[in-house]
Each structure stands twice: as structure tokens, then as C-alpha cells.
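Everything on this sheet refers to the single structure shown next.
Order of writing sets the labels: A, B and C. Residues in every chain begin at 1.
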């Protein structure tokens, strides 16, 4: 109970501080909550940006496409590396090494190749989301207890059965964590791509507001984008819980 | 080296060679547009040409990253220890920390640039923010995972609170702190690069951006390879350090 | 009695668990004189570890009090009491030698002196060649010996041991018991030893306190004045074993339920 009170106090204090500091300062740079809320209202009623829904839809499409690609490639690669020991040992370190490179270095190359359209954002989102998924599948496949597999086979189970009923459940836990991280990163990839340069999408709108010093609109756009992101993660958590219950 | 490792190395080398040959062959045969996919030989040549500018850009970026990194570690580690070890702090602050950690920081980048302009400051500030959270979260987690029995033993031998921190907690979390620092390097570098791409006049991010805008594919590939190599080197260095400091873990 | 080094006076301890309150120990009274090897014997969950925790100053009794050397125990007192736990609890980042030094380090003893004391102990501990090894390189028995060395290094009049050999195999247990007796004879310390093993109690102690199942109370106290080392097959010990077993059998059954 006290914890809840302390948290609320911190939240209220933070909002209060924001309001106090931003009120007297340059309105082009500082937007207090009292100015942000009306801007949010204008945004949601499509006054400040009439094409908001189209841009939101585009961003969501990019995210879904990027994630679908990351999922497919990640599952395939992770499984291939995990199931075949030699291949895993050959290419596993490569995967880990690439993970040590900040992904944004690839973005200019993607922009060169795909231009400023949705394709480069999808490609970047895919790139970001791919690694955690592949690595999680790899780790998951590797950590399946070989004894459990041996027992299953000793009972005469066929390979397909072994895979679906024995391997998948035992690695689901590691897997699902990686899938969730993959989604979060795919989302970030798409949004970073959009903000670094795009013609449409939430990131483009944010850039537009920033460029014109429409700071209140910028804050509103950021809030809406945050809701989108939190929403997608909440969805992922729901799916994760469902998946857990399904395997227990 | 075991037989298996040797074979793995063979496969790595062989596939690398095959990839390069196919790539070079395809470029020479005209199957790929050199505007978008330059030949490996062109990339190697470009490395020499653009090398100077790229290296100075890299130096800029690494300098900013170093400052941001120092700040992230200086703030992230003590804060992580505090949040991890003081139960009240942890319980009250954890949702805030999780929320801030999970939020894509890119969303506040335009505002930071509005505030601080186009120079070095936004890169350092943003890089610090980017690297701070993974370090904090990892260190706090490491503190929580310290074996409670060890704390009990230390108390039984009369250790004061200060001694508990200094003689038990800190040595116990060294591997975790190093792991956090390893992660932090990549995050800080990433933050700095993003700022340089978004609104930079100097630094590797800007170099990559302008090469892309100018459709100078070979130079872009070369510069990208350079930055990647630097990052991998930094991480490998920290990995090595991590092994030296965690040898007791077994 | 005036030469009682440890006095436990009507202590009780209740824990609140997720399934309701649990009385670990209820109204326990006993006394230990200097130089004794006193064993607390009882089934699992009879509160012997809780009682030892109270002697160590790590657990505060809800009722009653614990006196060591005439003084009430409120906090761990490393000048009077040293503790060895079932889990050796060695610090993995310290070598065997550095682990043995730990207690002295906490008390601010100078480095040369610490080193000398610890090194001097390693010989009798049988660990002279392992001084620079890390815990992960040592076997279970060796780790426990290091833990005992750590306790001996601070040279307290009382040493508490909570099932220190519990995680070891049979043969190692017997050997460690013999070794411990040797140390006890040489140092003349007061040892309070917790175990659930009858054999161990009979082989080592000068006095056995049998505890009931939860909530733990003192069921009976047996004196074992026989000399060491003991011939377990002697008529006297066989009879004592039977007596102990009859006392403890019911308690063990109760604990199983």
C-alpha cells in the first residue's frame, strides 16, 4: 500500500516539476503538460495532422511486416544453427559478433538500397528483430536436455513428435522471451528508421513537427507513438502468457 | 584446438571465400547494379580513398562515445547498486525504471537536438541516456542475485554494513558489472551514431549518412566495415577483461 | 551453574509463513559448560538450526533469552562465537587462504598477522597445498574444512556447527568427524554441534540434547563421558544407541507426518 502511495507521489511530483519548469520557459522548447494535453486533443481529433490514421496504419504495417520477416528468418536460422552442431559452431560466433555491432550502422546502407520508402524501415526493423529471435531459438534448441530426448526416443517416439511435444515445450520459455525482445526491437527499428528520414509514418510526422518547432504537437505525437509501442508489447505479453498456459 | 573447432573454422573461412567470390563474380558479370551493390574489390579500393575522412570521423565518434560511456558507467553502476540493494528503493522505483528502459529513446531525440543544437553535446547526452539504462538494470539484477547465504555468513563474522558492501557485494557483482559495461559500450556507440545521423555535422554517423545520400556505395560499405570492426574490437576487449575478472566463477 | 558458558532460558521462536504461523522452537531451556562438545540431535524441522541461529546472534528469540558468557546475545559476536554452516558459504572470489582470513579481516587484524594465522591453520586442516586455490577447485569436504578453518582463525571460545558434514558422503563424514575431534582436543573450545545423525552424535559428543519434533522442545539430555576415540561396537555405546533411538524414534515419526 505504501509502495503504491510512494509511486504515485513520485509521478505527481515529476508531472508537477515538468509543469513548473516548462511554464515560464521558451514555449518553442518547453511544453508543459497543460499545453501538451490540448495538443493531444487536437491530434486525436485529426485537426493538427489530418492524415494521422494513414500514417499510423503505415507504421503498424511496417512493424508487422518487419516482425513477420524477423520471425521467419530467426526461427529458421536459429533452428538450423541449433540442430546441426557443426553449422552452429561455425556460424554461431558470427551471429554473436554481429550482435556486437550497433545495428544503426547498417541503416545508411539500407537507405541507399531501398530509398526513403517503407522498404528501408521494414528492412531495418527486420535486421533488429532478427538477432534476438535467432539467438533465442539457438539457445533454446541447445538447452533441451538430451536425456529427456533420449528417454522420449527410447519410448519409440518419432522425430516429429519429439520435436513438437518434447523440444518445443522445453525451450518455449527461452524462446518466448526472445520473441518478445524481437518484437520490441523490430518496433524500435521501424521507428528509428522513420525518424532518421522518411516520407510517411509516425516518425515522419514527428520529424515534421520538430522541424517546424511545433513542439506541442511533437509531444502529442510522441505520446501517441508511445501508446502504440506499449500496446504492442502488452499484446506480446498476452500472447506469451497464453503460450505458457498452453504448455503447462 | 579440437577437431570440431578446426572444422568449424574451415567452414567459416570457406563460406567467407565463397561469398566474396560469388559477390565479386556477380558484380563483374553485371548481374548487380554497382550503384547499389559495389564489388568487394571496389570496396577495398574505396577503403583506401575514403579511409582518411572515415578514420577522422570514427575518431570523433569514438571520442564522444568514450565520454558518454564514462558518464553512463559513473551513474549507472552506483545507481544500479543502490536500487538493487535497498529494498524500498527497488520496490518503489522498479516500474519506472522498467518503463524508461523499455521506451525507445529515439522519441526524445528531436527534443534533445532542439535543446542542445547540432554539436557534440546532444550526442554525448543522448549516448549517455542510451547506455545508462542497460547498465543500471543489469547491475541492479546482479545485486539482487547475490547469494544471500554469503551475506549471512559475513554477518555471522561480524561484518558491518559498510564491510558487507565492500567485502561481499562489490566483489560478488564484478562479473555482472563487466557484463553491463560490455552491453553499455554498444548502446552508447549506438546512441552517438544515431544523433550523428539525425543531426550531425561531424562523426561517423554523419559520414555514413552523407555517403548514402551521395550514392557512393563502395565508400559507404567500406566505412560501415570500419565502424563495425571498431565496435567488435571494443566488445572483444571487454570480453577478454570480463574473463580475466571472472576466473573464479568457473 | 557458574561455569555455564552458554545459557538458553525459555526461548521461543515463531515464523510467519504463507501457510500460517509456525512455531519453530517453544520454551527451550538448556545450558552448555565450557569445553563441552554438545550435540543437538533431532529430526528435520525440529528447530535445531533456529536454536543455533539464536546462539549465533542471527535470529532473535520471540520469548526468553540467550546468554553467552553471562551476557545476553543480541547480535553476532565474533569475539566469542564462530559459526560453521551446512553450506560452507565460501566467497568464490577468494582463495582458500583468503577465505580463512576473512573473519580476521573483518576485525581489522593486520595483514601479516592474518596471513600468518591463516597459513598456520592450513597445515592441520590438511589444505597446505591448496592455499591459493579457489572454492570451485575444491571438493565438498575441502570446502567445509576451509569453512572450519575460517571459524578457528578468529579463535573464539565457542564454535557453533550446523550440520557441517550433512552434504558429504558417509566415508568423508566419518573422517571429518575424527579430524574435528582432534581439533577439539587440541584447542579445548566449546562446540555446539547440530546433527540428525545418531552415529555422529554418539561418536563425537560429550553431551547429547535430544529435541522433539516441531515445535522443538528439549526431550532429554544424555551425558557421554566416555573417552575418545570411541569403539562404536562396545556394549556401552550399543546400549546408548538403542536408548537414543527409542527417544528419537517417535519424534522422527511425528516429523514425517
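The rule is simple: a contact is a pair of C-beta atoms (placed from the backbone, for glycine too) under 8 Å apart; a residue touches a chain by one contact, two chains touch by 3 or more.
On a predicted model such as this, the values are computed, not experimentally measured, just so you know.
The chain with its Cα centroid farthest from the Cα centroid of subunit C is A.
Closest chain to the protein centre (all Cα atoms averaged), using per-chain Cα means: B. Distance between subunit A and subunit B, defined via averaged C-alpha coordinates, is recorded as 18 Å. In terms of their C-alpha centroids, the spacing between subunit B and subunit C amounts to 50 Å.
Between the Cα centres of subunit A and subunit C there is a gap of 54 Å.
Subunit B makes touch with subunit A in their complex at residues 4-5, 7-9, 11-12, 15, 36-37, 91-93, 95-96, 102-104, 106-111, 113-115, 186-187, 189-190, 193-194, 197-198, 205, 208-209, 211-212, 215, 217, 220-221, 224, 227-228, 231-232, 235-236. Against subunit C, the residues of subunit B that register as touching in their complex are 149-150, 152-159, 163, 167-168, 171-172, 174, 247-250. Subunit C makes touch with subunit B in their complex at residues 56-58, 76-79, 82-83, 85, 87, 89, 91-94, 102-103, 105-107, 134-137, 150, 154. Across the complex, subunit B is touched by residues 3, 6-7, 10, 28-29, 85-87, 89-91, 93-94, 97, 100-109, 111-113, 184, 187-188, 191-192, 195-196, 206-207, 210, 213, 215, 218, 222, 225-226, 229, 233 of subunit A.
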